[in-house]
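Two complexes come next, and they have one chain in common, chain A, joined by chain B in the first and chain C in the second.
Entry: the complex of A and B
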């Protein structure tokens, strides 16, 4: 397999790696958002016991390298719990936790940004806390959070490249495979890098369009 | 009927209300006057349950504000207009007005919207139903705030310094709306600094001083030389407000 040129199978390998990277990214982003919002709500509504425990966990996730977290989950957890875990499972699990920690921070500050007077008004009119959250807090917090969420998504996409270190055949791992076989590092890593770049730009553009749509009615809101 | 008995409210070590007793009958228009820090806004916040009580009782139509289940019922009957409007910036004017009647009272959208348009017409903002709060002037926002409260068809309308955040030229448009309401028989409780206006529209004045009711009398009496004016604290307050 050494020092061979590119062949017709390589684009398929590239596409598979791309699929894995996008899949892990999408799964961890979606799950992480759900869990992150849950953490944020526990903190905002000061749920006893749960809130402080989640705080400690999310602080750890924010303040330690993702690569170390991946090693801990992939190598450490199976030993501790005597279970088998595939590289892909470890990757999604770790990135979900990491994404959730950052989503929680973004959600909490977005909720904090909403003027308290409105919430008092809504309470005085007898709205339940649930409907205040759904009808008053969430729509405004989403707009406030949008730029930070887009930034986080683009960043988390780059972070997925780390999962190649535990053997997931993602785009970066495909790059390593092709590089070892072809000895054409400049061409291989340019292609891989440009692929990430295009994905990131597409992601940012989609996020930007969503933000514009959400903001359409909010230009006067002073948010 | 609003019945307040020996109400106490503390913020930390500071006692803001030191045993306020007061009752307000349906149909009354009562102005609560007093210097800044006398506890008038706090009293209002106790009435709509935004501030809890530290002692005494506050009943509205026999319902106790300190019981969550009863407070929910109270909030359907009392609507508040706030000093800083507190409109929902992400909702159109129409949606600001219809949100609570639909969500809290469970009323039908078509019905509530028709009423909202009628209210908007009443306050002279019929053409701004689709606007957003950020596009309106302060006076317009406050008129929307009044519509939002009235859409709940409240038995009691609580008005917390509703003109204090407005420019003088916008105060008039809001006061005109309120004067019309006072004549219509809605029970209104004003916390205000607008002495002349309070004198014009209210049937009764309550003067709070340092957390207690210093005077509670019909408006005519309050402004009479041998009535409220006879009280040296009140005379000083009124003189100061007049010079402003």
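Entry: the complex of A and C
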């Protein structure tokens, strides 16, 4: 069989892989941010029992390889709980947990960076804790956290490439498929690498623009 | 089985830590160089290897090198790819450390007639390391975790061996859970070591604190 050359079907495969990578990245980033903020709030408000447990879990997630976490969820959990998990579910679940652990750290340090005096002032003006959180803490913490969040997002995008190891047909897996068929490793991996590179750069640029926008209203505009 | 895997992980990690540190130092000095060409090349290097997933880089080398007639085993390829990739992260950390070194100190060293190499080696690097050792430590911890990716290019380190054990025993959960804990312990020990080194480097700084 001579199907070693690249053909018209390959760009479609590439686009599908790109879609899967971006999809898993977006899903895990959004879910991870929500859960990460929840973890951070539990720890900032020192919720008993929950806060220390979450701390242990997130330390565990931060200090172990994502690849092994993926293996644990995809190969280990189905055997333990007698359930079926698709590769994509395992991938999103694992990456969400991982992202949440890092988001929690960023959120806690961003909240810490806010001047305590402001909170006391808000309390003495009779703001509820909820409105303090929404109107005073959240907008400022977001600005402080932006650079770290952009860094994390770029990093998590790279991490999505690992889901190819549990059989998700993402960009890296597409690279492996094309590499095995065509035996043109330099062309295949250069294209895949450049795709990730451009994605990362676009992500960082978008984050940078968002950051300047968020900062704009904080600049001193004069009275 | 487990011990063999640990030895491979440990030796890949140790060699790549040394390798990436050396690359990091060279690239970092390039990135702060006065020559625009060197500066651009070094920053391009940092940007390139930080924005492409490690697994893609490792496949590039693992499948690409034999194409151009270089036949080396997975261990060497892995160590090399890790050193190159993590070197970019190390370089970025060291660059900001170097940029924080007081220019007065460098000028003083130049006036004293020290050679360029001596200034780099004896003056700038030790001072920069004091600040950047902690972030450098987390880069190296990440390196140890990244070695697990080398299992995808058939290197039987901890993760590669765990895969074999998991399929032999049909107990994937226990195997991978234990493996995760083991990586945690490993990185914790490494962070203790880095803390010790950090304290040693900053032993003259007590008064300033």
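The rule we apply is simple: the second predicted complex is superposed on the first by the 215 of 223 C-alpha atoms of A that agree within 3 Å, B and C clash if a C-alpha of one lies under 4 Å from a C-alpha of the other, contacts with A are read in each partner's own complex, and residues count from 1 in each chain.
By definition in this document, a residue touches a chain if its C-beta (ideal position, glycine included) is under 8 Å from a C-beta of that chain, and two chains touch if they have at least 3 such contacts.
The structure displayed is predicted, hence computed values, not measured ones.
> Considering only touches as defined above, state whether A:127 meets chain B (first), chain C (second), both or neither.
After superposing on A, A:127 lies in contact with chain B but is clear of chain C.
> Taking the superposition on A as described, I'd like to know which of chain B and chain C A:41 touches: first, second, both or neither.
Once the two structures are laid over each other on A, A:41 reaches no partner at all.
> Answer with first, second, both or neither: which of chain B and chain C does A:118 touch in the superposed model?
Only chain B; A:118 stays clear of chain C.
> Classify the contacts of A:13 with the two partner chains as first (chain B alone), second (chain C alone), both, or neither.
So A:13 meets neither chain B nor chain C here.
> Once chain A of both complexes is superposed, is A:210 in touch with chain B (first), chain C (second), both, or neither?
neither
> Once the shared chain is lined up, is A:27 touching chain B (first), chain C (second), both, or neither of them?
Neither partner.
> If you count the residues of chain A that each partner touches, which comes out higher, chain B or chain C?
Of the two chains, more chain A residues are contacted by C.
> Once the shared chain is lined up, is A:85 touching chain B (first), chain C (second), both, or neither of them?
neither
> After superposition on the shared chain, which partner residues are touched by A:135: those of chain B (first), chain C (second), both, or neither?
Once the two structures are laid over each other on A, A:135 reaches chain B alone.
> Going by the contact rule set out above, which residues of chain B touch chain A in the complex?
It comes out as residues 48-50, 72, 75-76, 78-80, 82, 84-90, 92, 99-100, 103-104, 132-135, 148, 152.
> Applying the document's contact rule, which stretches of chain A touch chain C when the two form their complex?
59-60, 63-69, 71-72, 75-77, 79-80, 154, 157-162, 164-165, 172, 175-176, 179, 185-186, 189-190, 192-193, 196-197, 200-201
> Please give the residue numbers of chain A that touch chain B in the complex, ascending.
My answer: residues 115, 117-118, 120-127, 131, 135-136, 139-140, 143, 217-223.
> Within the complex, which stretch of chain C touches chain A?
48, 50-57, 59-60, 63-64, 67, 141, 145-149, 151-152, 159, 162-163, 166, 170-177, 179-181, 183-184, 187-188
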